[in-house]
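Naming follows writing order (A, B, C, D and E), and every chain is counted from residue 1.
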Amino acid sequence: MSATPILMAAAVAVPLVAAPLSLHRAWAGAVALAAGVGTTAAAIGLVLAVARDGAVRHALGGWPAPLGIVWNLDGLAAILLATAALVALPVAVFATASLPREHLGREAHRFWPPFLFLWAGLNALFLSGDVFNIYVALELVSLAAVMLVTLEGRAAALAAGLRYLLVAQAGALTYLLGVAFLYARHGTLDVGLLTAAAAVGDMPTTVAAVLMTGGLFAKAALFPLHAWLPPAHGSAPAPASALLSGLVVMAAAYVILRLWFDVFAAVGGAPLRQGLGALGAAGVIWGSLLALSQRRLKAVIAYSTTAQMGYLLLAIPLAAPAADWSADPWAGAIMLAVAHAFAKAAMFLATGLIIQATGQDRIGSMRGVARRMPVTAYAIGVAGLTLMGLPPSGGFAAKWLLLRAAWSDGQWWWVLVLLGGGLLAAAYVFRIIGPAFSHSKARKRQPPRPLEWIALGMAAASLLMGLAAMPLVAVLARSGGGA
Amino acid sequence: MTSALLYAGAGVVLFAVALLALFLRRHLLRKLMAANIAGSGVFLFLLGTAADGDAPPDPVPQAMVLTGIVVTVSVTAYGVALLRRFADETGRDTLTEDGGGP
Amino acid sequence: MIVLEGLAALLVAVGVAFFIAGTVGLLRFPDLFSRLHALVKADNLGMGFIAAGLALLAEDAGTVLVIVAVWVLALLASVMVSHLVAHAAVREGMQPWRKKR
Amino acid sequence: MMLLIDGAVAVGLVWMALRALNARRLTEAVIVFIGFTGVMALAWVRLRAPDLALAEAAVGAGVLVVVLLDGLGRLAHLLGGRTPLRAAAVVLLPLLSLALVAVLLRALGDLPSAATGLGPRVFAALEQSGVENPVTAVLLNFRGFDTLLEVFVLLGAAVAVALLRPLDRALPRGAGPITAGPPQTPMADWYRRRLLPVALLVAVYLLWAGGSAPGGAFQAGSLLAGVLALGLLTGTPLAGRPAAAWAAAAIGPVAFVLAALLFAVGGHGVLQYPPGWAKAAILGLESLLTVSIAAALTLLVIGIPRRRRP
Amino acid sequence: MIDLVLLVAVAVLLVNAAAGILRALVGPSAADRLLAIQLLATTGIAVLLLLAEATHQPAARLVALVLAILAAAAALAFVRRLWWRLGPGEEGGP
């Protein structure tokens, strides 16, 4: 038997085993970093395996679908596993140095159990090819995410965590009711088999599509169910915010894309798909406007997440039937999600450093940052390029693909959304970065240099992704629609 | 109209009513109970549609519901603990809000 | 056989009657203590009759054992509950009801 | 007759849910909610799902009751009157809710009437699964990965509760006593001493029977946790080393995931039991999971300690 | 025949329990609400025993056994964790 299933198992099992071990106060950091290196190695191994051998389906327990659960490692899953790893590992390194300084103090080891639970849940989610299994994985992710939000235990964080927990639970149960409809109608939970069975797109299937999408909207903080996100992401410690904004939201949005790519490909007509796209567009505009009107640094970045997630939905109205993941709209959406994960993580880490240096979470804290903390300022600026979608960033490549799809399909109205969203992003990014070049006499505590470089490194990754767009699309093509 | 369908229908009603309460009710303990009841509704629906006359019902939804019960209990207990900590910290048992969302 | 079933049905019916009596007491009696009294005594007697009736119908000794165990445990729980509630009520300063003159 | 009973149960469920959600007093709501979980257990029996009835009864009457009443008690000083509702929401949302019910019922009517599920496949493969109870076969074999993630959700929740301690207090080293409460009567102690062995016996039976009859790790574990919570409420602190509670809570999930990995490394599929070993492996895993589920649920019940008085 | 008798008993007990829940709703004291829960628990145990016989589901007896083991949990939690915190005035009103 080949090594690929063992690597898949390792990607989930290593963080799961490490999570309870990291409860030990003295071991926590070392256990988590070792597990992080192991999990990252497994994820990279999986990307290489997919690039070499193509997609792999592995029946867990030796029971093929529909009886058992099937892990579905295609190009998309591999890319997302690698994204999770390449975001989480630097964040972990960052956290070991920054958390003891940032508010948690001697209790910094509390970060590791939720960190590892989260990573395991994400990997399980990306691998899963089973709609019920996705529900369980999502619950693990949400639980860990709430733990991260409430790490510091201040009143605002607890309130944000409670709201997040309730919204996530409502979303999960709505999703689960949709799964129940799918199972009652088609008698299977496997994504591949459902795709074949749901080709009719009748009433129960449509209701299931609406329920599952609605539930995931809440989890992905997509407009109009986004209100919980900014307080939640804004009140977590910087490394936690980086994971939440970069990876957790992306994971829920990924499930929406996966479902509409496969299972609901035949569901609803143009109106339903255009409606989903319109909600995405509204999210882009509304989220950007809210980001523009914030006073707190972290709030600007958190609202920007709502805006950026909106773009992903544009793939749904643009997709042609029977395309594969490397088709323009899908590849564009995925690339945007990945580039956003790196950029947003970089931004949260960088602002975390600035907030530590100045002791204040305000846009005014940015004053003088360009002179005193140039590396950090660069990190924010470079990550901002991706959010705006300027070349050569990953955001540019992604939007280019979406634009091309919209143009060639004659759906010009999405072009306006893409361009308008970019302009608004430019406005809120400049609002942050502008004051950085002004003079300030306020004293700042210099953060450790390596931490600044981690933030810049992640921002650079989001930038350089635009140059690596072609290889990415090539890996995405390794799907074969569940074959 | 079979008994099983009756339970599936009750499940749907429970889900909708509880989801509504989850948004409308202010007290957090009530919201947590609402989430629980919504879960029970989904579970009833799952099993109500899986029943097959007097034969034993499909075991797959049963396993799904069992998993769902464990997850729901975990989340509820965590939610109550979170609420207690929140109340300790603030002296409040509701979230202040400007409208919208639970 | 038919005699046995008839007897069982009778016992179950008597048990149900006790349950109804207990509920009437629960709804009509004037204070917590008397309501407690009505509920716990009547319901456990009712439970005993129903358990006895069902034990007559049981096919094997294991079933009888389970039924008896259930009844004993329910009885213990009731004793515990009524003791706790009454004890706490007295400590809370709750006064038993007296007929008004 | 059956339809009458089922109708009564279904209507009762909806009515109790409405009371729990809308009752004026929170105490009333919580108590009716507890009753609601009991009636759910009846519904599961009527739907011929005794495994679920056992789970619902064990969780609903034990752990959930203690968690909710304890939570209510800690909020008692805040209990106010009815909180006002937002005017626009009061009109609009119920209408939406009604529409949702209508659509869902309509879709329910459109579902195929003949069972389309995986039941026949489960029964066909039951012989190779290592157990005779089809629900256990699905949980521990066919869809074992769901269960694997699920027990980690439970463990994660226990960890999450422990992490809620204020930052100036170290992570709990284990289960402490629940000390709050009025002085204890000797009778409660007597009761606990009688109850514990019976519960242990029944839990072992549920675990052992789970292979062939209704029951299993979760039912047994949650029954144990319920009785432990009951014992804590009688004022008896949990004995034993604190760290042991966490080790007990983690051992089942960790063993499960390590087994999954080891089978894969050993040349079988991930989570695939080696031929002939399924029965033994499932029984061993279930025993460990029972211990872990009981420990994790107990840690959830114990929750965060009371705030230190300033 | 006997099965029908048992089912009628179940139906009567359910109606009886519904009447009992009224006590939970009326109160007046929180302890009265607790009594309704106790009624529900006892009724539930009896109904489960009856259903086990009438619908030939021996496992329902186990459910009754579990309920009987945990029957005192609600009262214990109530008395030990809640009541003494509520104080007499809190729930004593109409």
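In this section, a residue touches a chain if its C-beta (ideal position, glycine included) is under 8 Å from a C-beta of that chain, and two chains touch if they have at least 3 such contacts.
None of these values were measured; they are calculated from a predicted model.
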For chain E, the least number of touch steps when starting out from chain B: 2
Grouping of chains that still touch (sans chain D): A, B | C, E
Chain pair, A-D or C-E, that carries the greater number of C-beta contacts: A-D
Relative to chain A, chain with the most remote C-alpha centre: C
Distance between the centres, which are taken as Cα means, of chain D and chain B, whole angstrom: 13
Centroid distance [mean C-alpha coordinates] between chain E and chain D, Å: 20
Chain A-chain B separation of Cα centroids, rounded to whole Å: 27
Interface hub residues of chain D, defined as touching at least two other chains: 2, 46, 48, 51, 70, 72, 74, 104, 108, 111, 117-118, 122, 142-143, 146, 150, 153, 156-157, 160, 164, 182, 188, 191, 195, 198
Residue list for chain E, restricted to those that touch at least two other chains: 34, 36, 41, 62, 65, 69, 71-72, 76, 79, 84
Where chain A touches two or more other chains at once, by residue number: 132, 136, 139, 143, 146, 150, 153, 177, 183-184
Which pairs of chains touch, using the document's own definition: A-B, A-D, B-D, C-D, C-E, D-E
Touch list for chain E against partner chain D, complex: 4, 7-8, 10-11, 14-15, 18, 21, 24-25, 27, 30, 33-34, 36-37, 40-41, 44, 47-48, 51, 55, 57, 59-60, 62-63, 65-67, 69-74, 76-82, 84-86, 90-91
Residue ranges of chain C in contact with chain E within the complex: 5, 8-9, 12-13, 15-16, 19-20, 22-23, 26-27, 32, 35-36, 39-40, 43-44, 46-47, 50-51, 54, 57-58, 63, 66-67, 69-70, 73-74, 76-78, 80-81, 84-85, 87-89, 92-94
Residues of chain B defined as touching chain A within the complex: 15, 19, 22, 28, 31-32, 35, 38-39, 41-42, 45-46, 49-50, 60-61, 64, 67-68, 71, 74-75, 78-79, 82-83, 85-86, 89-90, 95-96, 100-102
Touching residues (chain side chain D, partner chain E) in the complex: 1-2, 4-5, 8-9, 12, 16, 19, 23, 25, 27-28, 31-32, 34-35, 38-39, 41-42, 45-46, 48, 50-51, 53-54, 57-58, 61-62, 65-66, 69-70, 72-74, 76-77, 79, 180-182, 188, 191, 195, 198-199, 202, 206, 213-215, 219, 223, 226-227, 229-230, 233-235
Parts of chain D lying in touch with chain B, wherever the complex brings them together: 2-3, 6-7, 10-11, 13-14, 17-18, 20-22, 26, 29-30, 33, 36-37, 40, 43-44, 46-49, 51-52, 55-56, 59, 63-64, 67-68, 70-72, 74-75, 78, 83-86, 89-90, 93-94, 96-98, 100-101, 104-105, 108, 111, 115, 117-119, 122, 134-135, 137-139, 142-143, 146-147, 150-151, 153-154, 156-158, 160-161, 164, 218, 222, 293, 297, 300-301, 303-304, 307
